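Worksheet: the structure to be examined is printed underneath.
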């Protein structure tokens, strides 16, 4: 089964700007004049903040200009319309590093999805602070580095040309320096329905509070723990019959799902960040 | 609480056409040149069928042309681009007739939502084949006509200038002539997750089959019973503990929800019909 | 449609106790010896706390003892097994007072459900601090008292022999004295997925935090605001497209559902309270 | 993380019978007299059919009788009360064979869950009619047999003392002889929300019908294709934006979830079969 997402033959453009008349007309005309066969176009306005967001993808097959020329020609228009823009002519598949501790369910899930073509990326590196991940990393023939110091982490990520860091139940807090260096490029899964139950042992807290629904949240990592922009959330009903072990087990299914979706959307360049929130063009 | 939907000061344009390059550019430029302040723009492509769909809404406040002139000026462009289009400059609130039998939960729900401003329409007429609806119709001061023949129904709908017929658990099959006359303007709620359990007594059938989730479906009525384009579906988990009465009661909540959403989306002109399916621009 | 719940011909027994061997055998034998035709029996153990919970309902038709004799004969067994127990031989339908402010959707919903037989109770009293509820109360012929002081509230609730107070979006904080007097008999609906977004304006907070799912919660009222035992929660997906008005409107549907379910379960005596949590026997 | 389910130190008893007074009292007294420390007890009545169902689990630690003596002593009571019963004193972990074709997501998911302790069983055998499963089977060191004929399948299942056959997206129809021999012990996952879209290519059919929600179903296999008793269903919202590939990808997540749950519940002996339906004691 070949899946449509993240085809190498597609360019994408993400735009944020102050809202004003004529944005769609100007941008779509620019692309039309260069022969773009638009595959997806989506817009969004935050009326409260007066902001405009747009995502465009088009086929490169018929497209008349290369990346350098596009950048050169689009820059004046962008400047005039006050656009913040992010263009991608994918020369190569994005590269993802996975950080993991002793719970392997998210790692196993991501590795299989990558192999099955559900998420379009390379995974050149796994970093772990627990010995259990080695066997599955070996099966998928992915280099795993055990407990590298932070300096070594920076070096490994640079050498492997990593684009995205995925914390797949990584039970260690990253330093502010690391978070700053990888701003907007670290996705974490937290095992609660944020903003409820931040911090450690959220299933214990959920059980104690007696909630009737539990959740999991995938979000970008920022300096403040569990406070970054939410990408995806998923929930499941529980009852008084569910004990702690049941919450943990049900929760794992949610963690797998939200993390996989968030990673896919990021790789497909569907996510725009603003005001500590996300626009996810689906 | 004033709600944003269906504001009288907004025009909307729904477009279907064969897909081709430059559609967005041409249409958005046309609107920009006339000073449109676009509020919502959404597109969709059915790649398999090579079709393009678009919905645009814009404020009338600053807009430089009236409806007649828009139609005159847009027609040549539409013709050139092979657009099928549906324009609305809302001069008045749309008018809805509700047909109902003995189960009143959907009727009660719609009447309250209309009064609370959740669905933007007038409800000038209720037609019923059961005596129980009279009291609540009286409370909301809406004329109710009991068991009119079909000729009289046509007359009442015409006199009240009705735009949409809503079958709110109306337990009587409409004639082919009626369905043809009101094509694309009759919304029904069926108490199952279509296409499962078409026809009569779907909760009995669901219980017998032992499903673990039940549903309800709002759809446009076509000649074939329960086969029309689906607008919205909603589901709820059930278990072996749920007996027939429980399915019926849980199902009512689903019926209320899907019917209210479908009516609101229709009134907000969010729905495009094609190939016995709907595009719902949300 | 007559629904099965809360039949007048059924007795119910709710039991909490320290967990120990033989509880089920002893209690079920006691009932069997008196000819009980058990309709529902459900148990639950909280292993962490070593507690046992049980709910039994049986038909009164064949039952050989009346309420007084049951109490007399069951007391020694209960004492020996350290049971906390709550018996009901329903002589009359439970009586509910609804408190409401300006948002009427939960009130309208409860009144219709009561009339349609979905919740088995009388509603002899509505207390409101806003003028809008009068019309619908009048339609259902239920006495409505506007802004009574607290002393008057106590008096009204006593005179109407009210069993349960339902806060149907009542925008006023009850005094500690009121809460203490009605402990375990006040159900509130909070318009967030607790424990997220306690306090005022939860939809504003949800929008600001950028959550992808919103919720509503029905809970018993305790001294601490929004901290009481949760009875039911329901959630709905939202996206960046949803503005504040959309959250409010979607949330209303959740509020209706969770409050109606919580009231029904309370009236059907399905809820056991312990450790600031609920066991809901479904 | 050790999970509570399927502990080797627990016995379980599943009972079906005509409903009558005193069943709970008689059965619970029988167990109490032998020192059973009951962990879970759940009952259900199908009032329409006049049937009673019960599931009991208890700790073996303090239990005073062994399996043979239990069977000997319980038989007369069971006979007198017309009980159909199924007792398990687990001497060994149940043994599962997985049948799989080219789609590996369910297989990968089950293998990881088994290793992580989420499903309590041995997996001594994988049977495949497609070459792709060999690598992952090798990683988990599970013998895989490629395309054995039916006679050889019977032989392999017998030699491995298999208790349950799981069809994890196995794209081949089993013979009536095979189905009859393994009645009640074959679980299949069908990639639709049954009874909608039976047979081949359900996602194609769902797309064509324009449903707004898709589903997956785990069920026991019977002679009639996709007509067996449903164990679990799960659903996910889709929209006009979802093309065939999206339905397939979203559906995979549902397939993984329902199959894993169904297998776990079967292994935990939570499922009772009757009238082509399941009671799932949760």
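A few remarks follow.
Residue numbering begins at 1 within each chain, and the chains themselves are lettered A, B, C and D in the order written.
Note that in this section a residue touches a chain if its C-beta (ideal position, glycine included) is under 8 Å from a C-beta of that chain, and two chains touch if they have at least 3 such contacts.
The structure displayed is predicted, hence computed values, not measured ones.
Farthest chain from subunit C (centres taken as the mean of C-alpha atoms): A.
Interface subunit A/subunit B: over half of the residue numbers present appear on both copies, so the contact uses mostly the same residues. Taking each chain's centre as the mean of its C-alpha atoms, subunit A lies 42 Å from subunit C. We define each chain's centre as the mean of its Cα atoms; on that basis subunit A and subunit D are separated by 35 Å.
Along subunit B, residues 239, 241, 243, 282 each make contact with two or more other chains. Against subunit D, the residues of subunit A that register as touching in their complex are 1, 3-5, 103-105, 108-109, 112, 116, 118, 135-136, 139, 241, 243, 245-246, 248-249, 252-253, 257, 260, 282. Subunit B makes touch with subunit D in their complex at residues 44, 46-48, 193-197, 209-213, 215, 229-235, 239-241, 243-244, 275-280, 282. Across the complex, subunit B is touched by residues 21-22, 24-26, 28-29, 31-32, 35-43, 45, 237 of subunit A.
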